[in-house]
Structures are given as C-alpha cells and as structure tokens.
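The structure follows.
Chain nomenclature is as follows: A, B, C, D and E, assigned in order of appearance, with residue numbering initiated at 1 for each chain independently.
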Amino acid sequence: MTEFLQNCFAGLALGSTYALVALGFVVIFKSTGVINFAQGGLLMLGAYLGYTFSNNLAVAFAVAVVLCCASAALVGAMFERIVLRRMVGQPPFAVIMITIGLLFILEPAVTAIWGFDHKQVSNPWNIRTVEAGGIVFGVRDLWTIGLTAAVVAAFFVFFRYSSLGLAMRVTAFDPEAALAQGISARRVYATSWAIAAALAALAGILMAAGPGGLTPSIGGIALAAFPAMILGGMDSPAGAVLGGLLIGLAEALTRGYQDQLFPWAGDNVSVIVPYVLMIVILLIRPYGLLGTKEVRRV
Amino acid sequence: MERVNSLLSVRDLTLRFGGVTALDSVSFDVDRGELFAVIGPNGAGKTSIFNCLNGVYRPQQGSITLDGRSLLGRPPAAVAAMGVARTFQNLGLFGHLTLVENLMLGRHHLMRTGFFAGMFWWGRAKREEITHRAAVEEIIELLELEPYRKMPAGMLPYGVAKRAELGRALAMEPRLLLLDEPVAGMNLEETEDTARYLLEVRRELGLAMILVEHDMSLVMDLADRVLALDFGVAIATGKPSEIQDDPQVVEAYLGGAR
Amino acid sequence: MGAYRNVTRGYADELRLFGSPASRVGLGILVVGFLVLPTVVQDDFWLSVLIYVGITAIGAIGLNLLTGYCGQISLGHAFFIGAGAYVAARIGGEIGLPLVVWLLAAAAIGAVLGGLIGPFALRLRGHYLAIVTLGLVFIGEHLWRNLTGLTGGNSGTPVTAGAAIGPVDFGALNLFGESYSRNQGWFWLVWALVALVALLAKNLVRTRPGRALQAVRDRDQAAEVIGVRAGRYKIGAFMLSSAIAATAGALFGSYQQFVSPDEWNLLLSIQYIAIVIVGGLGTIFGAVLGAIFVGALPALIDRYSDAIPGVQASVGGEGFISVFTLNQALFGLLIVLFLVFEPRGLAGIWLRIKAYFKAWPFSY
Amino acid sequence: GGAGDEEQSGGGQAGRPATTAGFDGSTIRLGVLSPLSGPIAVIGQPLTEGNQVWFDHINSRGGIAGRYKVELVQEDTQYQPDLTVQQYNKIKGDVVALTQVLGTAPTLAILPLLKSDRMIAAPASLDAIWVREENLLPVGAPYQIQAINSMHHYLTEGGGNRNSRICTMVQDDVYGEAGQEGVEFAAREMGFQVVNSQKFKVGTENYAGQIGALAGARCDMVFLTATPTDAGKIWGTAAQAQFTPRWYAQSPSFVGALTKSAVAPYMQRYVTVAAEGTEWGDRSVPGMRDMLARVQRFAPQQQPDYYFVFGYNQARAMTAVLEKAVENGDLSRDGVLKASQEIGTLSFDGVGGDYTYGPAATRNPPRSTTLFSVDPSKPFGLSTLKYGVTSDAARKFQFQKADS
Amino acid sequence: MLSVSNLEVVYDDVVLVLRGLSLEVPSGSVVALLGANGAGKTTLLRAVTGLLVPHRGKITKGTVRLDGEDITGADPAEVVRKGIAQVMEGRRIFAEITVDENLRAGAFTRGSRTEVRESYARVLDLFPVLAQRRKSIAGYLSGGEQQMLAIGRALMARPRLLLLDEPSLGLAPKLVEQVRDIIATINHQGTSVLLVEQNAVMALSIAHSGYVLETGKVVKDGRAAELLADSDIREFYLGAGPGERRSFAEVKSYRRKKRWSA
C-alpha cells in the first residue's frame, strides 16, 4: 500500500509538471488555434535563465524563480512583437511552422550561451525529503505540486474575472471578426504568449532544481505533455490540468508495476503508456475529456 | 393522399436538437418536374428539411422516399448518388479549387477513376476527364460562367459563386435539386438572371426542384406549389396565390411586406 | 487582355501537363540537369546530400498529398519511413528480392499500416488527429526496439537490399563501357523515382480522386453532400501517403545500408512537416523544393562555414558558435522570415514570380 | 624494411610513402566524425580534444616517424547516422583514416562504406561488436568486461555474495544492452541470480517508479548503465526514497559535475564506478604522468575528463598504425589496413589496458577494469578503489562479429 | 461624422478596387450604399475600420476621417474604441461559443458593466429568438438567426457610427421590416448609420441619402427620395414601381446591360 501511495505521489509530482506545460499549450491554442511547438524551447530557456539568476547573480532562489518567469514572459511577448503580429489572419499552418522555426532558434541560442554541459542550479530543495505515514515526500515534488496548484488557481480566477478568456477564444476562431469587435489580436497574442512562456519557465526551473540538474535535453518534456493536453481537450485549461495529472499518474504507476502487469509488452512500456491512454480516450471522446466540439453546419 | 406523379414523398418528419424541435411532423410531396417552394421565418426548419433529405441530419421520426426508395439512414454520398443535388445557404464551394474543378466534383459520383487509375492517367482516367469536362463545359455555357473557369472559387464574387454552386449541383445530373436561398444577397439584376437560369434548367432538364427562399416575388413567380413552415410545423401548403393570402402565413412570415 | 493565350484545340490539349512552350523548356532543362549533374559533380559529399534530398522529396510528396491536399496533419510520417526501411532490410536484404519487389512491398506494407489510422481519421479532426499520429511515432519506436527479429532491436540492422533493375545495378553502374560510382548510380535512381512519384502524384491530384481529396480538405460536409465519401478518401490519403513514405524509407535504408530505431523520431516527422509547409502546402513541386531547401541548406552552410565569422570549425578552435548550432539557428530564422514574407511557402514565391512576369508591363 | 623502389607516385618506399588521399607527402590528415554540438557534444568535444592533444604531442616531436605532421579534419555528425554518412562522404577523399567515429549507430552506418572504401576508423565507444571488424580499430575494454569485473569485485571485495539480491538498471539502447549482457554472463559464470532488471528511456523525467520497483525487490546491489543526466536523476531519486543499495555504475554514467550536486554525499557512500586505467592526476602511473604534462602543454584549459583520456588513447592506437604503415612505405588505404593488422600488442602505459591487435579474428581487447569511488576532492571526482581488476570470467568472455 | 475622400484601395499589390472614392456620412443620418456585386462596398467598409490588412489590402491614396480626426489605416481595435461598429459581410459570428458569449464579445470595448447589461437587454428585446437561444452554440443557429446575432453583436458596442454590410441578407420578409425599424430606432437614438444593401427598396426607405457604387467609384449620389425616383435605379435596383413589377417568370433571355460608367 505504501508503495502504491508512493507511486501515486510520484505520479502527481510528474503530472504537475505536465500540467504546467500543457496549460501553456492550451493558452496558446485557445488564442491562436495552433499547437506551439516552441513550448519546449521556452521551457529550456526559462530553466537556463533561472540557472543564471540563481547561480551567477546569486539572488535568492524564490527571486530567481520570479525573475525567470518574468523574463521568459518578456521573451514570449517580444516574439509576438517581432513576428506574430505580422501573421494575423494568415493560415494556421504557417503559424505552426513559425513556432517550429522558433524552436530551432531557441535551442541553439540557449546552447550557444550556456553550453551543453551539466549544470546544477543552486536551490533550497535539492534532494531533501520529509516523511509522513511511511511515505517519503521530496521537498521539490511538494513544491512542484503546491506551486502548480497555486498557479492553476490563479489562472482560473484570472480567467473568471477578466474578459481575456473570451477574447482569446474568439481571436483564435476568427481573428478578423474579433478585430471588428475591438479586440486587439496583437494584445491577445502577446498576452497568451507571455503567459505560456512564463508557465514553461516555471516548469523548467522546477525541473532543473531536481536531482538531475540541468542539461539542454530538458525541453524534451514538452513532447511528453502533448498527450496531456490532447487528452484533456486542447482548448480546456481544466482539461490540461486533469490530463497532466492523469498522464503523470498513469506513467508512474505503469513504471512501478509494469513487470507484474504487462511483462509481455517489452521492458520499457511505461514510456508509451501516455500515448496509448490518449489514443484510447480519444477514440471514446474525440475532443478529449473536456474539449469543445468543433461546430460544423451546412 | 397518394399523388400519381410523386417523385419525393416526405411523411411525418420530426427532428429535434436537444430541446429545440426543428421539424415537427412535416409531410409533403414533390412531383416530377415540379418547382416546389418552402418558405417560413428564420429558424423555421427549412434548411433542416434539406439536411434530412441529404442524410446530414438523422430525423427522429418519419420517412423520406425518392421514387419509392427510402433515403433515411443513407449517408450523404449515397443520397447524392441517388440523384439529389443541393446548393447551400452559406456557400459550399471548395474555396481553393477552381470553378471548373468544383463543377467536375459535381460529377464525382458519375465517374469511376480511383487512386490507381488517376495516378496513371493514360487510358480510362484521361478519357473520363475529357468526356466529363465536356459535360461541365455545357453547364458553364448555360450559366454564363466562362470568364471565371480558372478562378479559385474562394475568390469569386458573391453572385458568381452562387451561380457556380448551382452549376455544381446541375453537374451532378440530379433528379431532385434542392436550392437553399439561391438569390440571397443578389441585386435585382442578378436575381433576374438566376430566375432565368432556373427556368431554363427546368425547361431543358425537367428537373424537380425544391426552392427555399425569402425573396417572395421570386417564389410567387416561379413556384408551382408552396409549403409554409413555422417553428417546424407545416402551416400551409398550396398554390402561391393561396399561400400569399393565408392569414397564418402573413402573421408568421410576411408581415406587411407581401 | 490575353484572351488568345487561352486558345486550345480541345480539353485534351488543356489537360496536358507540359502544355506551354515555357514549361516544356523548363522540363528539358530539368531532364538534362538530371542526366548530366552526377558526371559534373562527382563529389561524393554533394551527391550523397542530393540523394538524401531526393529520398526526402519522395517522402514529402507523400506527406503533402495527405496534409496539403487532404488537409490531415500527420506527425507520424517518421513511423512509416522507418517501417519502409525495415521492409527493405528484410525483403530486399535478407530474402534478397530485387529492387522493384522490395520497393513495391514497402509501399504495400506502408499502405496497410496507414490504413490502421483509418478509425482515427474517421473520428478525429485536426490537431487531435495530428497528436494521435504523433503517438504512433513513440509507439513505433517502442516496437522497433522490441521487435528484434524484424528490426535488430536497439543495435539496428544492416540493410543489404540491392539496387538493381535487371542487369542495371545502380550500386555499381556500368553503362556504355563507362563505370560510375555508387553515389552516381544512386543519384540517377533516386531522382528518377522522384520524377516518377511526382508525376503520379500530379496525375492523381488533377483527376477525380485528387479533386475529392481537396474537396474533403476544404469542406468535408459539403463534399459528402455532393457525393464524395469523405471518410473513404481520408483513409485513402493516409494509405497513399504512408505507402509513399515507406517507399522513401526503403530507399533510405538501402542507400544508408544500416538503420537503427533512433532515426525514426519526432524530429524526422517535424522535418517533413517543415518541408511541406516551407515548400508550400498543396503543391507537388513545393514538396520537392522544400526538400531541397531543408536538406541542402544545412549542407551548404556546413560546407562554407569556415568563411562565416564567429563559427567554430573545430574543437577548441576560434569562434563562439559551432557549425551545427549556427546552422540550426539560421534554419529556424529562415523559416520564420520566409513564412512572414510568404505564408504560402516557396511555391507561393514561385507563383508570385510567375504572376509578376505574366502581368509584367502592367502593375494593377 | 621494404623494397627499394624509386620514389614515385604509385609506388612507395620504406619510410617514404607515396602521396595518396589524405597524404600530400608531408602531412597526414585524419578524420574525426563526432557530435561536436548537441547533447552528445559533452562527449564528442573532450574525445576530440584528447585526439588533438596526442597528435599535438606527436607533431611537436616531428610527427609520425619523426617526419609527417598529423592534421585532424573534424566534422560534426550530430550523432545522427544519415549525417555521419554525408560527412564521411565529405571527407573520405581527404583523409588517410578516421581516428574517431562516435556512436554505435553512426559507426554501423558507415561500416559498409568503410569496407567498400577499405578505410579504417577508430570507433569511440566500448561496444564488443567492434572487436572483430577489420575496418575498425577499437581501444579499451568493452562494456561487457566492465560489467563482469564489477560483479567480480562486488562478490569478492564489495560485500556481496552469491545470494545477494543483485539487480540491474539499464538504458534502453545498445549501450544498456551491453551492460546487461555483461551482468548476465557474470551471473552464469559466478553463479548468482539477477533478481530484478529495470529499463528506462534516455531523458526520462521521473524515476520514482523504477526506484520503487528496485526497492520493492529489496536489491542489495544495482548495476547501472546510464549517461550522467539520467544517472544524476536516478541517484537523486534513490537518495530521496532512501533506497541505499550498493551501486556499480558503468563508466559513462559518471561525470565530474555530479560531485558538485546535492547527490554527491549519497554517491560518495553508495556508488562505485567501473572504468579503465587510473584516476585523473595519479602520477604513479607513467602514462598518466606523461598525459598530464602534455595536457599542461597543449590544452591547459582542459578539465579532467575520461572521454578525453579515451580520445587520447584512440590517437595513440592510430599513431601505432600509421607508424607501421610508414615503415611499410604505404599510406594508401590498403596499406593502412594492412598495417593495422600488423601492430601486435599495444601498451597504453596504464592509462588504458593493453590491446592485442593483429588480424581482427585474433584480436584480444584488454580485460581489466579499475573500480573507483566517488570523491569530490579529486580532480575528476573519482579516486581509485581497486586498480586493474581482471576476473577469470572477463578473460573467458568471447567477442562475436556483428552479424549481418 | 464620417468623411471619406478620394480613397484608393489595392488588394495583393495589384488589384485596384476603390478608385478615388469620396463619401460623407453626416452626423445623425442614415446613408445607403448601393452597388452591384464586386463594386467595392465591402472594401470601403474594411478601409474605414482598418480591416484591410488580413485581406492583403492597402489604402494607397486618400483619407478617412471620423469627426475630423484622421483614422486612415488605424488599428481596427482602435477604430472600434472610437465608436465605429460594423456588421461584417457573411455574418462572421463566432460559431463555437454560445449566443450569449457572442454578444458579450461585442461589448468588449465597453467599460461599464451596467451599461453592457442594458444593451444586452435591449438586444434580446429586439430579437426575441436570441433570448430563447441564449445558451445555444451560435454555429448551430439557422442562417437568419445568425444574421440577427451579428446585428445584435454590433449593437452591443453601442457605436456612434454603425456600418451594416447587407444586414437583411437571408432574413424573412417580416424580419427585414423589423430590421429596418430597428435601424431607424437606433438612428433616432443618435447613431449614424452607413447601410450597404442589395435590398434597395428597404435601404432607400429609411436612408436620408444614398450613393451608388460602380467598379470602385461613386456614379450617383443624392437624397434618398431623388434616388428612389431615378429611372435607372428603378430599373436596376427596385424593379420598377410597385404594381408594375415584371414577373421573374417572364424575364427575357436577353438583358439590357447598361452601366453608368464605361
């Protein structure tokens, strides 16, 4: 039982990270209708910025976290300023490709500045743990879960009380008609990119503060968060959180029990469990758990 | 009451969306060669009738038969193959394809070329392209669409696009033609043109047509019979002149403007 | 203006692919270039770059049929490429059947695997479908690592599939008393296949099935209503595109002579997406242009990196950025600039140039 | 000695080989195909630096045979097979041989080309399949040997016995499989059971599941095959879970930077690293003393790193081949290939194990492994625990040709 | 209030669509804009609201002024803030959200919540159907219902100047009358209106003045009553006078293709 709970905890911690990344995907999808392939690059950038603040500038870790989120947000907003505003009303395909282009720029830029070697981010958590009821809780994991919960709560409050959520959706759906309502597509894009980048940076610094330290491959987690986003429904923030947690749990539990449960499926089957789960759920619910159905009428 | 010359027969058609009853036990017949009009206020269920005929919507109740064969439960493509063609209220052209290609698509169900034959081009695929292209050119001529042949449909002026849609429907060589507001957004001149095309088509091909239209003068001038709907209920059927004076129709639909 | 330009003697005339004198001249130049290039550029580096580019172009044509023409985004292309490579390894290498057989077998198996997506293609739309196909890459990678008999597992497998058609062996070409290197032979083989696949694809998109694909892309419900079975064409597009992908994969494996499971990753899929978008969605020519751009540009930068200031050509050498890093960043930058300037891709630029010359003396 | 032909192109002379591809009569050019950027660059760069320092040293003495300077032609492969093929094609006409090709898949991808071009290459990985390939010039004891000797050490001096609960944790690729193969071979030879094996994908974010499973299996010892990023996370997770078996880790799992992380104390207590040669800075070993002097001279900024050592050793082996080829008066590809079969046993002066070359079929790689414990005060963070372990089982291990 | 002078618009850098067009919308008036398909009516509205950009269009000459202030090429969001709202051609409602949300999106630029609530109530009052379907997804509405929603959405912005692009399109005759009355009411409440219509009878019956557009140029303008009396306009837009309308069933297969220009 403790082992099971321990695995669940691991799943929640991992799922929280997924949720943050998936939330970033959703924010951008909601406002532009495209998948942002650069999310992993933003995450990587955020993590390295956090490293610089925490290690090179030696500010307190909490300050470093805030600074890295803020500066990542700035980068996101700048991207809108330089590139995206020119793409209003252009086909989504082109915009998707631009996010891929951005990824191709971000990755080498980060490695050109910080290099490829292993970095350790100074942070107060490291591998510290607390124990309760026979279960060991990693301090960083607890913080990850806590911060994710806080961010998600703030996120929902913000969307509840601002008209931005609606503005995002209508901009994604028909930027021109949104403009005609006085909704500035540019501002919507800038805001959503800033939010997504900040979320990515937070996920990045939280990961980098773990035992594994920081290497350029950190952005790879964005791939693992795809199923989380899809499973929840691409345009649903709540879905992203739910999807993230589900995927995290599924992954951790299969890792723990794959030997007992499906020894026939190959040694490392937990790697594909998120995708299998996603595919099964999509067959039942084609728009994810909480996504909105596309409207088609003739 | 069975009609002798009936092509389409709709009985007790009922369609609901959640709480909304779009169609409530609607029945009517369309004869061969008849121009049958459906009128009614916005949201009365006119387009929904078309969607049921086409197989886009599945009605909860009722029956639809074309020449004695049921249309219900067939997928839209199968209905098309049985000879039901249609134009759309909000334009249903394929925006990136040229006008000619759009019209050729109308002939899709009359052609056979599959993936393999298409890839290899020579032989049947080529012959088929040429014969059907000739048929399409006749329609282009009939509807005076010559100058727009190679233009992507998405860039056509509105009136032309509507005409092109009519052309695509005709290209399908249908037995029954469904027209959903063919002259909406047209000026008088274009409306006259469209009326002329419809009459010509009718004269030459003898098609049965169902016309949904809010332009009452067009309906009154062209239709043989009219069905008036309100909130999914058939409130009157009859000759245009009868319908025009029906108090229920005036109240629900025409208002002072008749 | 220009009505006389449209005078044709019949529809057959109008339907010709290379109808205008200009296009015939263009075709002639391409054919001559194709024949002569390997004898002029004997450099194995450039030939191998161009061979990879050609193979990629074939795969990209497949993806463009699916994504550009039928509107279904697929991130699973890498999976089918990989599958094709393994077919070549087993059928062409191990069993030793000839080129034509293993190419066709790869295509057939690719088509069957593509058909597996059918149920999803029918139920899912847009990005949801795209991410499911992404799942295919990961599930595929797991399979490739574990189906050791087929794939050699993690250690990969040699691919010894021969490249001979009858007596003509492209791996060691002997023609008219001249002997040509493996890379020369492969250049001819691959680019002839590019031309063949492009021609087949072009024929497809201008006939009934191709129009149906595009109708499904533009408006699938309207397409159904006029008699196009949208579901069938979606599945057909998946099958066709994966058949072509598998063919490209088989060529890839056979040319490289060795493949391992790490190669069929998401990056490869993304590269294909980049190619079709940069090249221009919905144009066959664009897929080829895109492949050349994406494949040859890095090679060009790599080759001439010494001339670029600030680039580090060797370990411990001068400079702050390595060739590849620069390469990747430049590549990203070019993609962004391109699409900001011309969202319709390279093919769009080409169209603009053509339009400019057609309209030339008159603006407006 | 050789025949006294005229010095002409086409025919060489003992000690005065004719010009050929990659050799213009005064400079010998050697290829390096390595990921010089990207995630694997952390390995490719020090390896290449190691090659370079050795050849700088040789050049400072006049070059090969005291006469011919060596120059490296470096190309970035990104660790991708297809790029490696392209880069190989780019440089093959310009080099005599390849002194480094990094990565199992990239090496396998150019192997057919090497064979048809009759070129030799020194692969920079410890795969066992290289041993029997004529066109390859491996150095060092393969991973299997490291694993077998680790098990030997654990059973004899590491506090374990045949009934200990021995487990493995390996990454899902060829490298991982090599470690697993070694442990399983040892299990048969030494008569113990592997009670639990975990595999993981490179770049996994969370190892709680695997660590949980290992802990659940009550492992006393875990043999780890990983790269540093993953190893750091794995040990971090284990430390958090308070799971404390004896860890034996294959050499590439470790990197000096790990000793600066919070996991260091845990590693100090529980981790043993299996590698070859001696610790960085150990002046009691002559080869290491020389190497340090050369690093000081040619690359003073070089951080301690055992990939550097590996590259250094590769260059040494290649030098022996070239010396032989020059002696034979033939630097052509065939000449170099022939020379590589004639060099016999080569000593690396204790920086690596002695390797018996000769024809591929009779090659005998080193069978010894040095075990290190983690010690942050050392230059590379490792201090020698036991130098040069050579178990009987390791001697018995047979090397097969890569089947094709 | 709105004054457009000498405007030239080019699409795609090549297609010249407006050729020196000038037009006035006096404060407090309803101005009708008539013209055949493709004459450039929609283009004019786009030029006023700054929505040319997504269509690759550009103003190459001329100015647009709102109350004397130059707003040529201004940011669309800015234009809405200055009090111009428009009902776009083709409805362009947001299909995937509810009717209610569509209406609220229309009020995006407005600050006061109470005022928004007032406008909301007023719109639902004008279009009772929308009140019934408040929670429905807008994309499933019938064509006419969508048109009502588009008009309602524009009204939510409480504009000073309302641009209407074919508001009667697809509406039932009775509703056309209602829309006409609504426009009149809005106008009485102080909003100026520029009305683009194919239904010339309807447009001229409430307009104070009107313009006729032909290939990007104004070919005729004047007070509504004058235009109603003009014989060409009667022939091409009104179908002669009431009672003397010729039946569509008797249209000759040839047409008099007269144009004012060219």
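Following the convention adopted for this analysis, a contact is a pair of C-beta atoms (placed from the backbone, for glycine too) under 8 Å apart; a residue touches a chain by one contact, two chains touch by 3 or more.
Each chain and its UniProt protein: A, C = Branched-chain amino acid ABC transporter permease; B, E = ABC transporter ATP-binding protein.
Just so we're clear, the structure is a prediction, and the values are computed from it rather than from any experiment.
Chains that touch both chain C and chain E are the following: A, B. Shared contact partners of chain B and chain D comprise A, C. Across the two candidate interfaces, A-B and A-D, the one carrying more C-beta contacts is A-D. Rounded to whole angstrom units, the spacing between the C-alpha centres of chain D and chain E is 76. Work out the mean CA point of chain A and of chain C, and you get 32 Å between them. Chain B and chain E have centres, each the mean of its CA atoms, that are 28 Å apart. Per-chain CA centroids place chain C at a distance of 38 Å from chain D.
Shared interface positions of chain B, i.e. residues touching 2 or more other chains, are given as 47, 56, 88-90, 92. With touch defined as above, residues shared between interfaces to two or more other chains in chain E number as follows: 140.
Counting partner chains per residue, chain D has residues 37-38, 41, 45, 172 touching two or more of them.
Contact residues of chain D toward chain C in the complex are 36-38, 41, 44-45, 48-49, 52, 72, 74, 76, 78, 80-82, 85-87, 89-93, 104-105, 108-109, 111-113, 116, 129, 172-174, 176-177, 299, 402, 404.
Chain C makes touch with chain A in their complex at residues 119-120, 123-128, 130-132, 134-135, 138-139, 142, 145-146, 221-222, 225, 266, 270, 273-274, 277-278, 281, 320-321, 324-329, 331-336, 339-340, 343. Within the complex formed with chain D, the chain A residues making contact are 3, 6-7, 9-10, 13-14, 17, 108, 111, 116-120, 126-127, 129, 136, 138, 207, 210-213, 215-217, 220-221, 224, 248, 251-257, 259, 267-268, 270-271. Against chain C, the residues of chain B that register as touching in their complex are 54, 56, 75-77, 79-81, 85-86, 88, 92-97, 101, 104-106, 108-109, 111-115, 117-121, 125-126, 128-130, 133-134, 137, 168-169, 172.
Residues 44-45, 47-49, 52, 145, 153-156, 158, 160, 182-183, 252, 256-260, 262-263, 299, 302-303, 313-316, 322-325 of chain C are the ones that touch chain D when the two sit in their complex.
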